[in-house]
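Shared between the two complexes below is chain A, which pairs with chain B and chain C, respectively.
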Partner chain A sequence: MMSPSAAGALLVLAGCAALGNQAALWYGRRPRDLAHCQACLQVLLTEIDYGLTPLDEALQRAAAAAPGPAAAVFRMAGEDLARTPGRPPRQAWSQAWRRAAPELALSAADLEILLALGPSLGASDRHHQQRHILLCSRRLAAAETDARAAAQRYLRLYRYLGVIAGGLLAVLLA
Partner chain B sequence: MNINLIFQIGGIGLLVAILHTVLKQAGKQEQAELVTLAGVVVVLWMVIQAISQLFQLVRATFQLY
Partner chain C sequence: MAASPVDYVWRQEIAPHLAPPVRRVLDQAPAALLARAVELRLRAGGPLQLVLAAGDVFLDHRGRPCPPAEAYRISGQVLADCWQAACRGSVYAWEEETRQGFLTLPGGHRLGLAGRFAVENGRVLRLRHVGGIAVRLCRAVPGCADPVLPSLVDRKRGTVHHTLIYSPPGAGKTTLLRDLVRQISTGVPALGLPGRRVAVIDERSEVAACREGAAQHDLGPRTDVLDGVPKAEGILMALRALNPEVIAFDEIGHPAEAEGVLAALYAGVRVITTAHGSSRETLARRPALRELAPVGVFARFVRLAYRRGPGFVAAVEGGARG
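And then the complex of A and B:
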């Protein structure tokens, strides 16, 4: 039978370990979300450049290119545009990203890269849009490389930090 | 004598040393030094409290000032 103080110490340790794990998960999810964004942008580029698809439909088809919350943003923007035809595409685009931002593991800089694409979507000819989408894709690829390096450094660090901090607290409170 | 105090100080020392190593390996040198400093301060605080109790015991035993 475990004593109450031992049970309490175990709970403190488990709680801190869970917090550390939560912080570590963000670093693990960021490269994945960036990769999904790039996959969706690739499909969007194909739809705009070769398929000459209307933007709302192109966005929804791009959403099918990847799973996860990042792809859902493309779907949200596409559905928003389909619902309100007169709406400027950049507004639908930026609103979709801002609404989904809390659920995505993207940094402020990553979000800025994606929001910068908004003004050129549906506002110029397809070559112009193609260049902007390619630029956005390349920036996201660079961000993904950084994110993978950061994940390698910080994933284990935050997990260990959580467990050790929990141990320290348990010892101090004992 | 409260033997738990010794184990607590030992446990804190061990965990702080591990944390220092982990942070140093992750490239966070300053944070590692801060954690060590914080550990030293906490242990010093615990020791000072024990010493204070000792002084009070001596004072009470010999009825000093």
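And then the complex of A and C:
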């Protein structure tokens, strides 16, 4: 039978390892979420530029065509606009991102890039919409490159760090 | 189709296409006031204004009539939001309408634009900043053509005369045209007018207020609508494809439309149209009508005046063919 101190040490080790793993997972998910955002924006751009699809529909079609966690945000914003005639798209857009942010592995800077698109979304002609969406996509692509580098650097580090920190803490407490 | 009470029209058809702050003001405005309003005026930094036949009324943030200085002020952002709301959040989908300076809302209500436009080689490219919005109420008034119709019927041939309705803006030309179309299409046996096939060329969607191809106003059982089609082209399309007996369209202006009218005339199709003008002399100076003058197309001129409220018929005058 395991002694209480050994059981406690094991719990501390497991807890720290889980924390480290969670941090590592965030780094692993961030490039994927950023890529999904870009995929949704690409569909949105096509709907706006070629289809002249009204924004509420365009957002929902982007969500349907490019699955992933980010698609939920596009769907949420599109449904909000369809449900509330006259609602400024920038409000629906920012509310959807703020609500969904905890579910996504996005940094504050990533979120800023996406929120910056809000005020221009649907507010200008096709040419300008294209420029704003492409600019947002490019900035997200740059963020994705950084995120991939960060994932390579920190993914294993946080995983090991969790285990090592847990081990050290368990030894100290024992 | 029964006409909706006007305050209902403001609240249900127009308000949802405005930014929430303006909608809140209209929602609280007295129904009796809205029922008499024919226009809504929004200007950047200006007071919220309703235009009534009897004069202007300004509303405060609770929708109560007040002096202009105490009225709810429209910010530039709210004005831009109104424009975007009218475009269903998608200004890019209404580029052509933006270039022309107006948008037709569901129900046929017209939203006109003022502001700073970007122009290149003399052509309007886009709207840079919205400076003002004028919402003009469109209402069907069944029976408003009753006083003039007897003078417009060609009893000998059982049809109507070529007719031009003219007035300064806002006197009810489109409303009268709409009811004329309805009655001609339905037929008025008491006047010796059997129902006639009418083609409406509705370039700005104001006469029929079509949504997804279906007219929202009652234009009679024998009416076809060419919605969103340029008038000159629409007249020829109707002549080729729809075999109309009467062609009706709003606001003749371009010389190409005069050619369309002549094509209809030579095809034996009657034409009813409208024009901005305060007198026959000012009409004769308009390019399209100048071209038609030598032929003397119109047999009847209906002059409307705003003096006693929109739609007041000032006179029906005979033309060269009268």
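Keep this in mind: the second predicted complex is superposed on the first by the 174 of 174 C-alpha atoms of A that agree within 3 Å, B and C clash if a C-alpha of one lies under 4 Å from a C-alpha of the other, contacts with A are read in each partner's own complex, and residues count from 1 in each chain.
In this section, contacts are C-beta pairs under 8 Å (C-beta built on N, C-alpha and C of every residue); 3 or more make two chains touch, one makes a residue touch a chain.
As the structure is a prediction and not an experimental result, all values here were calculated from the model.
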Remark   = So, after the overlay on chain A, do chain B and chain C clash or fit? They fit
Query = Between chain B (first) and chain C (second), which, if any, makes contact with A:99: first, second, both or neither?
reply = neither
Key: Touching partner for A:124 - first (chain B), second (chain C), both, neither   = second
Task = Classify the contacts of A:160 with the two partner chains as first (chain B alone), second (chain C alone), both, or neither.
result = first
Inquiry  = Going by the contact rule set out at the top, does A:56 touch chain B (first), chain C (second), both, or neither?
reply    = second
Inquiry  = After superposing on chain A, what angle in degrees do the C-alpha centres of chain B and chain C form at the C-alpha centre of chain A, to the nearest 10?
reply    = 160
Request  = Would you check which partner chain A:88 touches, where first means chain B only, second means chain C only, and both and neither mean what they say?
outcome  = second
Task = May I ask you to decide whether A:48 touches chain B, chain C, both, or neither, giving the answer as first, second, both or neither?
result = second
Note = Between chain B and chain C, the one with more contact residues on chain A is chain C
Task = Tell me which partner A:171 touches in the superposition: chain B (first), chain C (second), both or neither.
result = first
Ask   = Could you state the shortest Cα distance, in Å, between chain B and chain C after the structures are superposed?
value = 47
Message = Show me the chain A residues, by the header's touch rule, that chain B contacts in one structure and chain C contacts in the other.
response = none
Ask   = What part of chain A is in contact with chain C in the complex they form?
value = 48, 52-56, 58, 81, 85-89, 122-126, 128-129
Remark   = Listed in rising order, chain B residues that touch chain A in their complex are 4, 8, 11-12, 15-16, 18-19, 22-23, 26-28, 42
Remark   = Within their complex, chain A touches chain B through residues 153-154, 157, 160-161, 164-165, 167-168, 171-172, 174
Inquiry  = Residue numbers of chain C touching chain A in their complex, please.
reply    = 15-20, 23, 80-81, 84-85, 87-93, 95, 98, 126
